[in-house]
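Here come two complexes built around chain A, the first alongside chain B, the second alongside chain C.
Right, the complex of A and B next:
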């Protein structure tokens, strides 16, 4: 749940980029990192293998600026997508305020996408969270690849987007859809925070 | 200077910092979010430290479970000039993690001693509660403007 410090008028939200291995989760964060001025972001922490596969998580803290008078910070995480890192995914998903599901648009990856979406819902349920209440945005990444290799957005949406959540076509390496995805999930998270049940206490200095 | 998101943490943590003479102390949730901190200058750096501390704690707990049958709850790393101590606290509001950095102004023995006391104090501290969510009126325009500015689109 989002942390809100009423005294300092600060909001901190945790957003997790989820999805199958090599779908482009880390690429999303890299693009954000490279676009945002240094004074508005922290260091990008990547716990990766020697071949740059995410081992534990990537982490990027972002200072979003002032929203309705609250200094708002986002903590962007990715999870490792490979099937055998299930425990790590659960840990990183803990306390998420919003989830971006990064799907791989390649036709041959559709089963991995479906499995990963099921895995997301199972992990949320295991943590006692009703997945229907968690802000979720889907990004159909790699839409820049040749048409014969990928499924188009409407096909993917029919299969993966059974909740009818916002979605965006993406090419995370070049930044297409990255901004829009982050904007969508931020909006959902803030809307839920503003209109939903009380957040964690926030009465510090 | 110490900053705390939740007021019930302030007094116990400040007492711990003064008594144990640590340089840096951060209390965080197991999900990696900062609840209170002393010693960092940039809030954004605290977030990175907390994300890593939560990861170390989760990994150590799991190794402990697998090797010893019970999760490791504290860790100590003695560096050349500074030392790190990481420990889990059972508060009345769930498990939290304390990350602390200290030098030769104190010792691991004292840090452990006051850590145990901090754990007791936090367990007894009552959390203030707030029933109202923050009022984010017409936040969409602020959000759009700030994100566009961050991404260099305006």
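Right, the complex of A and C next:
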């Protein structure tokens, strides 16, 4: 998929929210959905199970309007986090311009985070994509939970952010860090427009 | 100079942001090369966002670059007032002329055109005049042309014909920049963060923003309380009639708006400038209805391209096409909007189309239909020329090209070449009409075309000819420009395999003041002479003429008349005239005795013949080859 169509003056970015099950990917999209004026968003497509778990994927098209003369659209997807939806994850990941990794900050979930991160890299590799070239931002979600239940950002970063990508602390239910994360990944993706590989610089909170 | 153009409104004090970048880029382009890029330029935005500043800046910048430029700024209302005044004082023509002298017309508040029919038609006329001569029109309005109610359709398309750009609400960064600019201009200072806080507040226009800034400044000056980022909102809110702050939605929307404005900055930073510009140009040209394959190909390439040069080349192509289309439409309105006028890659085709139209509209003069080969009487003196003519008709453009016929006056050159023309015309297929023109007519037409500035059209008339015949080509002697034109015309036709036939009273080598390049080309085909008629031919001519004009003439008159040498068929006619006149005077028929008396008496006093001196070699029968084994142009040339 071409990111920028100069002739038609369109920019379309596909951004995939990745992460372990119940880390808050869909919550991110929900928050964005609720903040966007009605005329700017498409209907959010969510295929969920009876218990509100993402079964297939969420899809939220966002029309950012005309920016610098370009009709700019963001397509936000989430993958189902559960381990057994591997095929769906691969499908959704295809053609992604950028990935947001939503990590669950709960101490007991650290293994799932690591696994999911490895899964992301494995899937990218399988699609022949060099993970180092894919714009990636990490969100450490659920930082609002009691301190004793969660690991703090620097701890998580030591474990998960071995590539030193931008990261944000988040509370997706209340919206903390949601737009910061989206902004961060969008900028990384757009930076690739100029052709140069996106430099990976850690942008701390 | 208008107040607006006094330099208060400049590009360097106009803050550029994502919301107005396109408008400013277009404005700069127009200021730098008026009339060339976007004409007309139509800028619209809600009030208070800087339209007037921008068009003022265009006028000022254009004036700076070209001090001689006549720039006129006029709000539509003034324009209407002037028009009414002019009409009421009977000066409507002067009004029109005044505006037609303007190089750059800046028209503000165009939305007031609504319903003003007479102003609209006047404007349409002025626009046509200005645009037709490549002068720039810039308009500002609070709405796009399509939304200005009750406006003449033609005017709307005219308004929309160039580039339409809008100016949006400034985003946060631009608002901060505008506020900082204003502060610097008026030497005001505020505590850190105050301007940023003010910029964060929703505002409907730059004017509103200025108003808010003024309010803060007033507060600061009164010293009631110092302005801090924390109390900015309360100070401004106190002054607002309908404070729209503090709504739950406002903050929430802000988060998304902030996101958008950040993204806008990122997009602006990272999209490749040249591709954006090229994309804009492509969109512009496509909107104008042109095919842009040429530019799109460049867009797909990896290396950075020189967009300005490409665009300039494309624009000049478009200009040429417009010119061609206008020319074509003048000739045939059905040609308007033809595909061939929409692709700058195919200008030669468009040019060919116009030439066709010209030729169809105004074909070059043709041969006189009365002259045919059948009415030409063959004799020894002209049989060579006749055979060459027949060979030419048989294979036009192949055998003898050009065929150059020369001979004294009245020997029948004109008859022969026109007859060739008629035969060629009947002979299908020829790629165009047979152009048949005398040398002096050629010169006169060229002079007339030079006078009217229609040389191109005149040229095209002949270029489309399927064959060219120039009688009395010696009339071009000493006329350099005509020779030049004939030379190019000759080359164009000759290289396209079209037949050229020329006639003159002398061979090319004896035409004085004839350019060598033309002479050598004339010599390059077959040069053939027509001699004054010999006795046999004279008799045949007299027999035929007498049959027509004096069928009751005594037998033997023709033979008697033929004893006297004449220069050609024309003289035969005049001899017959004399004889008939004498016969009428005598009140009798044409008899041998009458002829003897008449010619014997007047013969010496009015010599009926002046022996034409021509190529003497042909007088020697031994040197004439009557049967040509392989009558090929080259062979004849060598023999001659």
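The rule we apply is simple: the second predicted complex is superposed on the first by the 192 of 205 C-alpha atoms of A that agree within 3 Å, B and C clash if a C-alpha of one lies under 4 Å from a C-alpha of the other, contacts with A are read in each partner's own complex, and residues count from 1 in each chain.
The rule we apply is simple: a contact is a pair of C-beta atoms (placed from the backbone, for glycine too) under 8 Å apart; a residue touches a chain by one contact, two chains touch by 3 or more.
Not measured: the values here are computed from a predicted model.
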item: Combined model on chain A where chain B meets chain C, clash or fit; value: clash
item: Touching partner for A:118 - first (chain B), second (chain C), both, neither; value: neither
item: Which of chain B and chain C A:133 touches, first, second, both or neither; value: neither
item: First, second, both or neither for A:190, with chain B first and chain C second; value: both
item: Which superposed partner A:59 touches (first chain B, second chain C, both, neither); value: first
item: First, second, both or neither for A:42, with chain B first and chain C second; value: first
item: Partner chain(s) touched by A:67 [first = chain B, second = chain C, both, neither]; value: both
item: Chain touching more of chain A, residue-wise (chain B, chain C); value: B
item: Partner chain(s) touched by A:6 [first = chain B, second = chain C, both, neither]; value: both
item: Which of chain B and chain C A:182 touches, first, second, both or neither; value: both
item: Touching both chain B and chain C, residues of chain A; value: 4, 6, 11, 35-37, 40, 64-65, 67-68, 70, 72, 179, 182-183, 186-187, 190-191, 193-195
item: Partner chain B, residues of chain A touching it in the complex; value: 3-6, 8, 10-12, 14, 35-37, 40-43, 45, 47, 56-57, 59, 61-68, 70, 72-73, 75, 77, 87, 91, 94-96, 179, 182-183, 186-187, 190-191, 193-205
item: Partner chain C, residues of chain A touching it in the complex; value: 4, 6-7, 9, 11, 34-37, 40, 64-65, 67-70, 72, 175, 179, 182-183, 186-187, 190-195
item: Chain A partner contacts - residues on chain B that touch it in the complex; value: 2-10, 29-36, 42-45, 47-48, 51-52, 54-55, 58-59, 62, 127-140, 142-144, 146-147, 149-153
item: Chain C residues touching chain A - in the complex, by the definition given at the top; value: 18, 21-22, 252-253, 255-256, 258-260, 262-264, 266-272, 275-276, 278-280, 282-283, 296, 299
